[in-house]
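Each structure below is given as structure tokens.
The same subunit A turns up in both complexes below, where it pairs with subunit B and then with subunit C.
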Partner chain A sequence: MAIIPSLPYTLESIAYASALGLLSMGLSLTFATTRVANFAHADFAMVGSVVMLFLIDRFYYLHHGWGVFLTGSIVGGIFGGITGLLTYLIVLKPLADKGTSSLGLMIATFGIDIILMNLLTLILDTAHGVHIPKLIGASVSSYEPILSLRGYRVFGYTIVLPIAAVLLTVIFHLFLTRTKFGIAMRATIENPDLASVLGVNVNLVYMVSWFFSGFLAGVAGALMAFAFKGVDPAVSALIIVSVFAGSIVGGLESVYWGLIGGFLVGLVEKLGMTIINSIYRQYFVLHLGAPNVSLLNYEKLLSLGLVVIVLLYAPQGLAGVDWGRLARRLGLKKPVEGGG
Partner chain B sequence: MPGEDIVRVEGLNAGYGRFHILFDIDLDVSRGEIFVIVGPNGSGKSTLLKTLFGLTKVYSGRILFEGHDITRMPPHARAKMGLAYLPQVGNVFSELSVAENLKMAGYTLDSSVLDEKIREVLEIFPFLKDKLNAKAKTLSGGQRQLLAMAMALIREPKIFMFDEPTAGLAPKAAQEVVDRILWLRRELGKTVILVEQNAKLALEIGDRAILLVSGRIAFKGKASELLSDKELGKRYLGLKG
Partner chain C sequence: MEWWIFSDAFLITLFSFITVSISLNLEAGYTGIPNFGKHLFVFVGAFAAQGVGVRIAALIYEKLQPQAAQEALAQLRSMVPGATWSSLVHAAADVDANRIVVNNYLRPFFVSHVAAEALLLVTLLLVTVGLALFFGLIASYAALRLREEYLAILLLSFAELMVLVVFYQSQSLNGGNQGLWAITFTKDPVRFALVGSGVLAVIAYFYADRLANSPMGRAMRAVRDDEVAAEVFGRDIASIRLKVILISSVLAGLAGFFFIQNAALSTSLTFNRVIWTFLPWAMIILGGMANNLGAVVGTVVFLLAKRLFEYYQVQIAHLFHLGSASIAATLLPNIFIGVVMILTLYFLPQGILPEGPSRTVNFEEILAETSSEAGEAGGEESK
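What follows is the complex of A and B.
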């Protein structure tokens, strides 16, 4: 057994990491704007997954080949965005207006998580023609294109997810830096009182951030439906752990670092654990007689371990690291001359 | 018209929640003057400025701006009426570039009007031209104060309320800020309310002044009179006779 993962598995890991990156970016965005640690964020992704499933199930004649990714992502993203917006408007804003603390709002998102998870399960259970057992099989991936690369079968979503992550990040970056509303959004994140005094509709900024956060999650969820070979809303409970890990590694308040944090956590979980598992099985099981178990189910140990390590050395996450200083200490950059 | 009251405060009692800070404040600020508020640490100077801008809780009394009662008006509405409040910290967006800060200052203006206003303030503060793409956090303390002043100018306020604008600045930078405050009054005829820890500096440039002690007015009159009052100066302002 090779220690280095195969090409398809590496691509699947990068795709998973890209999806986590999008999810952590969205989580960091709503935390930065409204100070809510949203435990229902992975359910927004599940909304995207369910939408992708319905499109495949009901509109297959319109929705197949590479187009399945585009239509599914856009519609799934919009539904995810609407779910995010409604979560803010119906639950979080009224609570915040009554003076509920950040802790109270966070606990409210636990409730939203359970409600959404059960609603989605109910929808899947009752929808005509769509049944969970059918979806758990290979039914979804049979609708996507499969490429042949270096003799390997490569699933289409593994190519599309990283491209979608890069594209959405570029679009979001341009929105934040080139549009008046995007600049107002950054200003509001930094100092909502000053932004308000200057005439920014801070509540509208919050609404847009919740929609966009849900949109990113919806896109990630729609494409992740192919990775999970179907949809099980209960998976959100597992994903949210990794999403939070990604945001915390990134620094929780930085949108871009949230993306990087999520990506790193995804890679560590998938590629890192596969490599560790291969080493364990090749050396410890074969030569030392260690218990013959697969370590792949313990991937969260790695992501949470990464959180602990990052917090120990960089309490503000990767966003708080002085990268210039670090590079100088590692000899990668010339020291500043004339410093005291 | 110069000389008429632009701000009038009557029997004002205010604070933060249950913490009563200001007691029975009565004052009037004339259009076009530099009105100075001085006092020892914790006397309520900054609280008075914040109260004028609607950032504290008013228990009783009223605040009139150009004859209109603004006591219960939210800060953004006061900003629209022509009040500009420049806090000691947090008066610019550190993570935004200078150009973005200026754009934010005119957020509610049409883009063509805003572009024109930005051109005007860049003529007034030419050092900003070279720093348009630099993040505000890279500016020195004095430059940040001047950027905040430029941002306020874009909104064309009638009155500028400065909270310790020279705090923590090197003498040269502090002098530049003071010069600009004098320029606002001299060239643009703006009214200025100035809260300053450096009482001597403030009283030298001010027209009229109040001395706050424990949230109450201990002196009200000409700035030059307070500056020459050795007893009050020595006891409350640390001025040497």
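What follows is the complex of A and C.
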């Protein structure tokens, strides 16, 4: 057994990491704009997954190729975005206007998390499937194209998810830098009071950021549906842990670093744990007689460990690290002449 | 006892939740520590009665009854080849073996030997307290260093990973996904659970009430309202937070210990974030944060509502054309509780019973006392 994971597994890990990147990016976006730690973010993703399941179930005849990814992610993203927008408009904005503390808003999103999770389960439980007899816990992985690459079977979603993540990030970056509204959005993140004085509709910015956050989560969830053993809204309990880990590693307030943090956490969870597991099996189990258990089940612990390390040594996350100084200290870059 | 919706199980749940929400209220309501990982601290008590409990009980049994232990082992070897006593006790890979050991050997022995049972009970209660202090220390390590949001996120993540990953995936710790049979006490474990959780709830209430109205309680509120001001007035914020977290962890752990007495076989998933973290939060928000009576009122209201959903599940499922009655019993109450909690946050942010002023000694009484002791020097230094 080699230590280096196989090609399909590597691709699956990268896909998972990309999905986490999208989720952490959305979480950081709403935190940066409205200062709400959104505990319901993973449920927005589950909305996308459920939409994908319904699309496949209802319009199965339309999906016989790569199109399933496109329609699924667009529709799932829109549904996720609407969920995010409604969360903001119906629950968070009225509460914030009444002067609820940030702790109160956090608890409210916790409530939304519980409501959404149970509502989605209720929908899947009561709806009658057309092609899939039992919707709750149904696996959709047999409804996607499978490639053959160097003798390996490669699942379609593992290719699509990283592409979607890159594409969405580029679009978001262009939106933030090249449009007037994007610049207003950045201004609001920097200083909401000043932005509103300068004529920026801060409320609209908040609404857009919640929609966009939900959209990113919906796309990630719709594509992730193929990675699950079965679509079950209860999965959100574990996803949210990784998403928060990604955001905290990124610094919680920086959108781009959120993306990178999520990606990093995903890679560490999947690839890191596989490597640790094969080392454990090859050396500790075989030679030292350690208990023969699979460490892969404990992959989430690595993300928690990463969070603890980040909070201890770089509380501002990767966004707060002075990279230039770090490079100079490590001797990768020449010191700046005359200090600076 | 069985009358309308009131069963033994319901009352045990009610008493356990009263203790848990009072302990959460001490943390979140009075001191402002957003503990979103409460379910872990309740689970700690269950772990003491399950994973730790069966091991300790087996050790005591082997010491006191070596003959019977050998016989039991011989019988179990036919079921699980190559088994040793200690491996069988927590043989989660073979739940049957665990059930036979607990129910056919350990329980009958301890029920008929009162002294051994008392020893076991005291040991397990101490284990519960020890485990609660251990996890409380871990939580407080984060609570002393992190801002509100980071702390809430970290506590939730930590609790979820412990309950959903570590204790659920590892077969040897607490039976993993198959669960373990808890060590239960006396001939009638249900009554034991009822009395235990009831007494604990009463103690928790009066203790929290005393604590909240003591100088410590006022210091806790000061830490919550303005850390800097509290520090300026000479309060040690770190030690106050540490004490509160440790106290409420122990209370929650004991509640879990008595709760699990009624649930014979269970996995760590029994203690999920919906039931044991979100529900207590909803309870203290509805009842009124930083009000102990409020915590009790919120607990009673939500648990009654949840129980009514359960009790009339068939009718409700029929009314809303739900596929099965179990949906009405599990999913609908959670949605209801979530909606009610958000509505409470909006319409009744102070809760049903808002936080009152802390009870202090009447000023007139102090005056009367000081005037009668006027001859003695100096007034009492206010604390």
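Assume the second predicted complex is superposed on the first by the 327 of 340 C-alpha atoms of A that agree within 3 Å, B and C clash if a C-alpha of one lies under 4 Å from a C-alpha of the other, contacts with A are read in each partner's own complex, and residues count from 1 in each chain.
Basically, contacts are C-beta pairs under 8 Å (C-beta built on N, C-alpha and C of every residue); 3 or more make two chains touch, one makes a residue touch a chain.
Just so we're clear, the structure is a prediction, and the values are computed from it rather than from any experiment.
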item	value
More subunit A residues in contact - subunit B or subunit C	C
Contacts of A:10 with subunit B and subunit C, given as first, second, both or neither	neither
Touched partner set for A:252, first subunit B, second subunit C, both or neither	second
Partner chain(s) touched by A:195 [first = subunit B, second = subunit C, both, neither]	first
Which superposed partner A:297 touches (first subunit B, second subunit C, both, neither)	second
First, second, both or neither for A:110, with subunit B first and subunit C second	second
First (subunit B), second (subunit C), both or neither touched by A:186	first
Subunit C-contacting residues of subunit A that also contact subunit B	none
Residues of subunit A touching subunit C in the complex	31, 37, 39, 91, 94-95, 98, 100, 102-104, 106-108, 110-112, 114-115, 117-119, 121-122, 125-126, 237-238, 240-241, 244-245, 248, 252, 291, 293, 297-298, 300-301, 304, 307, 311
Residue numbers on subunit A that touch subunit B, as the complex places them	180, 183-184, 186-187, 190-191, 193-200
Residue ranges of subunit B touching subunit A (in the complex, touch as defined)	75-76, 79-80, 85, 90-91, 93-96, 100, 103-105, 107-108, 111, 151, 155
Parts of subunit C lying in touch with subunit A, wherever the complex brings them together	32, 34, 36, 142, 145-146, 148-150, 152-154, 156-158, 160-161, 164-166, 169-172, 272-274, 278, 281-282, 285, 321-324, 327, 331-332, 334-335, 337-339, 341-342, 345-346, 349
